[in-house]
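Each of the next two complexes has subunit A plus one other chain: subunit B in the first, subunit C in the second.
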Partner chain A sequence: MTDLATSERTVAPRIGENAPRPDGVPKVVGAFAFSSDLHHDRMLWGGTLRSTHSSARIRSVDVSTAVAVTGVHAVLVSDDVPGQKVFGLEYRDQPVLAGDVVRYEGEPVAIVAADHPEAVRMALEAIVVDYEVLVPVVDPMTVEEAEPVHPDGNLVRRIHLRHGNQDVVGDVQVEGTYEVAMQDQAFLGPESGMAVPADDGSIDLYVATQWLHSDRDQVADCMGLDPEKVRLTLAGVGGAFGAREDLSLHVHLCMLARHTGRPVKMVYSREESFHGHVHRHPAQMWYRHHADRDGTLVRVEAHLILDGGAYASSSSAVIANATCFAAGPYRVPSAEIDGAVVRTNNPPCGAMRGFGAVQVCFAHEAQMDRLAGALGMDPVALRLQNALVPGDELLTGQTIKGTAPVAEVIRTCADHPPGASMAVDPLELPGGAGRTADPEHVVRGEAFALGFKNLLFSEGFDDFSEASCRLAGGVATITSACAEVGQGFVTLAQQIAREVLGVDEVVLLPASTAGIGSAGSTSASRQTWMSGGAIQEACGQVRAQLLEHLAAEHGVDADDLVIADGRVVSMAGGFEVDLAKATTEPIEASVVFRHVPTLPLDENGQGNAHVSFAFSAHRAIVDVDVELGLVKVVELTTSQDVGRVLNPLQTVGQLEGGAAQGVGLAVMEEVLVQEGRIRNPSFTDYLVPTALDMPPVEIAALIEQAEPGAPFGAKGIGEAPSISSTAAVAAAIRNATGLDLPRVPVRPTDIVFPGGTA
Partner chain B sequence: MSTDPFILEVNGQSHEVADAHPGESLLRVLRERLRLPGSKNACEEGECGSCTVLLDGQTVCSCLVLASTAVGRQITTIEGLSGDGGLSHVQQAFVDAGAVQCGFCTPGLIVSIGSLLESDPDPSELAVREAISGNLCRCTGYGRVVEAVHLAATRGGGSK
Partner chain C sequence: MTIATSLEDACAALAAEPNSVIVAGGTDLMVEVNRGSRCVENVVALDRIPELADWHLTGDELRFGAGVTFAEICEPEIAALVPALAQAARTVGSPQIRNAATLGGNIATASPAGDSIPVLAALDAVLELRSTEAIREVPVTEFITGVKATCLMPGELIEAVRVPVLDGPQEFCKVGTRNAMVISVASLALLVDRSARRIRVALGSVSPIPLRASEAEDHASGHLDWDSGVQPGPEVVREFAELVAGSANPIDDHRGSAAYRRHAVRVLAERSLTRVLNRVSSP
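Our next item is the complex of A and B:
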């Protein structure tokens, strides 16, 4: 038996261990360079003039005064876009700069470069835009009959999913209408970056993003440049959560840099950031669940309307998720789901953590509680009875081939003993520091919710990630364009390389479009699997080459060689070499990793559209001051299906952080939009949970069942925590108050004036 | 349009600030003129705490302080908390406890927590949560941050 404790050698942490983040120390000393920290001695500052109207025709834009402002080097408008005038993640439908029409409040109209931010501000104020103001189309429920917001029409995508026998009727039916408001990702690091023009007409863009190569291709088209003339390098990313999947200032920076011949830096203000990225789609949802009297689900009907705002972004994929996962992780033999995402003059919506699954989870879990009430059943027992198991069919007709430990997730979370005591300090009461709550009016509630979503890209998308590994002198150098946005992929990349190659030192080269092909997007809980898989395979090929080389050179059997403790050793004995001295020549391998192919949905929303699924459960305990309508989330308990834990500390961090965003959507986070205008574009008025709002998150269980096809069996873990947390908190408030509360966030008036009269 | 040159004492060193606009915040001057970008710019209206620095030992949002009003006062930024002796207890605890994700809130949190532990070396969880309730973090949900404070407290708190 090997006694690890007696080993004198300190081995750098491998898979399953708490490896420290390679960017941890730079981040705690303030030395990590975020995209807003970029500096160049010759740089200019850029700024953006944004539409003050949510719908208007532009009669003219007069920049003559602006260009005369001292220190101004460029003022550019739509006509100055050198290449394709539109961009977009899935459809190129969004103007780089508005031409003859603006379709949402905050749409960019003109851009400025100047030698000081103050000169930028003055120049932006000096631009005169003559608008013919139009009545905005803002109601997603009636938008299909309204004037077209865009030449592409007001319907972005409709999926009419029909599964199983459509004539099924349940003995017990429950019906409900639900609404989810618009949520902002509220990453802390504002949109920012720097473009540096080169003498040969090419451009270097340093930017915080989730997908370097997609950005590169869109920027190149808009700049009228070949893709290789645009090099993107990841600048430090201050959080993303979906909001950096679309372009923001990318093309603007490149236009200003090319026009002025100088490096140009731009940093959005917080107000601008609220207008500068997509949000989580608001949703209106109608549901009818049918069940037998014993609680077996027999049919689910739903109508889903998501408001995509003015441009398509990733809306078509979001509605696919909402539709496919509309009924939750339950066995549902018959379903009709009509999912539509529409275009309005509201702020554009797109990716946010949970991506369509969050909205429907709020609704389907409310329905499951309602059904349990109608049946006189325990809500957890009802969920267990209908929980998906491997081999079951989803609403899409797809059979679950991988792991689906739904029952385990339910049981471990529901059975975990609650730990929350009653509040002692007034700070712990609803309303907190305001000290407004009267303990006499505080009621405690508890509830449970379950959710799931797909991992990786779906519907036939050619989803891949490229990575390379180079081993020299016992040091592994990894190249990948995977965007580290805070989630800790850089840690996992090192752990994977150490695990496969047995090395201690792993160098990660900067993520860039220059050195390697696409890693795909840091979204859809996909990078651990996709770029992790690419790194695992690249390192595996290097390892195989190394062992074959040594076997040939020393006349031993390659299958007999193992790498352990920094040495390559023959198991049969007689041969041993230090890994650092094993080869004189570097060994390299490059891999393009793909997951199993998926198929598009057919006309009935059926097909093997997805690869894999992750399941999570939350139990929430809340205190509600029923007189004031104030809520304090006291405790959250969670279990999650994770495949395999690669780094325990980072896993906990994802579960806690994701739950916090779910708590925010449940009780406080809403982008307030009136007539297409954002009324609260600041952290003063858009409330993000603080440390006092956020309860401790108890992790009841991390369910480890290795997922076939995933590196080390690990599922992506980032999104699931944001899915069931909102539903659980809202349900706990229902449990405390006895109210229906069909909308999140739950506002004080929803509790105090549930009839809607204030 | 620019102010007269003035001197700021930052992390024990004197820095001359020339050509600043009168309205420039301490945050902007630290970040853009003195090239100390560790203090962060998430909201620039005093809500998120990512720009927290010490002004004569008191935590302030440097985005709300006019740079020219900080003349003659001791300014300490995140860059001044780790010296030749390595990381402070709070900084090391952030690394060890997994309190760092994207890291944008991290400098402000570390300045706030260092200040907390100076005055309360062994704070209760509620005291920790109240002390950092002016520092928004979007990644962690605060669980590992609270853990890091307790870890730092057991290792000697704000004394280094």
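Our next item is the complex of A and C:
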């Protein structure tokens, strides 16, 4: 914080500095308007009737009583969807409102608009849905033989990756079966937004989202409108982590607004939010690792099953990641990975920070520890020996062309001196405020884990971001539709513009579909690179235009001109002009930025499918009360491959926040699902780490090796911290207890009754 | 909505509208209202009644107004008199919750997981219930009649809670799957009463109503050499823990299995008895 406080200075912070966040203070003092704070004097309130069953046929929906409730302006069902009845990120397979079947608990069936939230509630209660309840399909391991959950079948995607010589057998083999439960993104700002109809039949939708243009296109199709008739503006986002990549209330709001001719606002309750967005895919994973006696990995085999729930969402990309990165950041000459993502009547799953890499990291790191045990090797040495280096091939046969400082990440993290001493304050022992443990009940464990993931979109996706820069009167105005979801893009965009243009004053316009093309999604650790890259280029073009113009006008050398302190000056001397004056005539540039193209995976899961990779390591130290099965994570140390640090404070923020989500998955975060029903849809029972659960994050090293093609060489840093942290914590608990613990989150009963008594 | 500023006002408002709902800190009530599981027409707010926010020590008896908050109970002054109650108070929610949540609200909610309840049960706390008609006294163990059920009558409110100040160490321990701000999976209060030569034990989250482990109490009390302060051996502690576990009547739910809960109270019993014995025997 001291850095922030002292960063008040005349020259606004540029690249590499701790620029303060424009939205930081407003968020802390409660002045920031989140999407749930939207207001319009004429607005109605919207609400959603959700399925109470995870699988049922709808015989009828009777809205007659609901329509008659005082204050109710509209009650709409599936037949009222004006355009395409389904939406979806990759495949349009999810109904806007359930028609004749419901496929998960909480699926929207009807929507209501009324002049008061209480009238909405009464109307929702008055809707009568006649369900024929069906037996839900809930076991992902057997769905392929089960009744189809969806007309498209129960298999969303299978990738049968085969790499290298398939006959390789290692001297030493270790085998294991692993499971990752369903995690929730647990953002604090529930789904919310407001649709405002215009007289010309167009609609403005203000909503918290990750990708305005993708939403816009899906909403337009479902509304039967041309895309230009639907304008999306980003409303204040209270966290996302993947859960806002899919549509939620978007089309519902637009339908209600269009039907009533009034602005309509909707805010999900917390419980509704748990049903209203996708979660992290639960995974069942079998692995066999083969190595030579000296510890060289020779082959990895794995079967991965991810449960996608009833609709495709981004499942096919998630299984691609899980499959491609199944073995971790190691040199593996031979592999067979069978990855499948299936449909069930469990809650729908899709994008979440780490996107497929989190699940497999938990498994491959457990395997590496097991292998080290079988070989009698030090686990860190085993990892170092097999660490990828630039020029190595991935399981996909793709050669790593960019930076891959894997060994540096491992070494710096493993060599960092541990700092945690044994706690004396009972609050700091496992059990915390509950005062359950004394120091003699506690066993300490330590372990190390390594992970990696692709940055940007893969598999031939046309991934681009548009941005424009306008320099007028010495002030730069940046336009981008990039969604600020808390990651700090609003800060970086200004830092980049200042750095390139040499100006101090930068205005970033609100993100909207109205003024600019798509920025792509705020996901896949991609916005700093993609939208940052677009801004860098746009600003660069504006700068070049300005300097060339001045050079021509004043007969000076453009290469000799610099912009600083509000002036354009010739380094050789003799020429100087006020920047504001030089730009009374605005200079503009607009750029569509693309990364190098990628290719689809072939039938063997081979191909140059990815652009770039980020690597991270965590070392966890845990205290375990073995008798009660309670855990306290006492220290997390990390090193990460970041390319270049653009804003040190924000970098630390990402590393801490990502690790907190990783700790959560390791020891407590789980959406409990029984027969397709969520048993803990609240923050009372879906537990996320508190200050007493989250240790300080020690950053051993930020490895800065400039990544080719990335703006300023900076890699995306948002996802890597959530990948190896879970694996490290789980492994440290194994180290403390001597138990296998093949599942996360590790529950007290997994430690107390390891045989599975209860 | 009545914002009462005196007990008389509050009781009058409750008498006038017998289906009125009392709100104190609102930390339980508002959760239910927001969830739609409780319909509220008339509300009587107690948080502006000065008498309810007070506590007094008279002789060796403490009297808490029902509106005393858990934040106040955590303060050293109270913690010195009823350490286990302060320890329990510290485990309730977060600082924000403890600033609003009241002792009376915790009791009236009558949740098996209410953290003050095992301590109050072990203290044989007595509740003072008031209406326009009468004032009556009910032990906390009789007040709570089932899961979220009490013998509070329409028109009545909890005015105060009386507990003895005991001579001897006290322990409250609570198991949850998070290190703070977590609903109890199992809890235990263990109090030493030197003058009566009794060990008192009550359990939380392992039965629908407040539960005293009387057999275990007898066992421990009988095996302690109260005069010499010499500790009984580990087998007495183990037997005590078994008896505590045996008295539990837990259920399986999404927060924990019955087997784990029973196991947990056994461990808590063993550890808390060991803790107090270490202190009893040290001069």
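Here is the rule we use: the second predicted complex is superposed on the first by the 748 of 758 C-alpha atoms of A that agree within 3 Å, B and C clash if a C-alpha of one lies under 4 Å from a C-alpha of the other, contacts with A are read in each partner's own complex, and residues count from 1 in each chain.
Heads up, the rule we're going with is that a residue touches a chain if its C-beta (ideal position, glycine included) is under 8 Å from a C-beta of that chain, and two chains touch if they have at least 3 such contacts.
The structure displayed is predicted, hence computed values, not measured ones.
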Could you figure out whether subunit B or subunit C reaches more residues of subunit A? B
With the two structures laid over each other on chain A, which partner does A:239 touch: subunit B (first), subunit C (second), both, or neither? first
Which partner chains sit in contact with A:596 here, subunit B, subunit C, both or neither? Use first/second/both/neither. neither
Between subunit B (first) and subunit C (second), which, if any, makes contact with A:430: first, second, both or neither? second
Thinking of the overlay built on chain A, is A:691 touched by subunit B (first), by subunit C (second), by both, or by neither? both
Note: overlapping subunit A surface for subunit B and subunit C spans 269, 427, 433, 684, 689-692
Considering only the defined contacts, which subunit C positions touch subunit A in the complex? 31, 34-36, 87, 90-91, 94, 171-185, 187, 254-260, 263-264, 267-268, 271, 275
Subunit A residues touching subunit C - in the complex, by the definition given at the top: 121, 269, 271, 427, 430-438, 441, 627-630, 632, 667-668, 672, 679-680, 684-685, 687, 689-693, 747-749, 752-753, 757-758
Of all residues in subunit B, those that touch subunit A in their complex: 1, 21, 23, 31-32, 35-45, 47-48, 50, 77-79, 81-82, 87, 91-92, 94-98, 100-107, 110, 126, 128-130, 132-146
If you look only at subunit A, which of its residues touch subunit B in the complex? 18, 20-21, 23-25, 27-34, 36-37, 39, 116, 118, 185-190, 236-241, 267, 269-270, 425, 427-428, 433, 485-488, 649-650, 652-653, 656-661, 682-684, 688-692, 694, 696-697
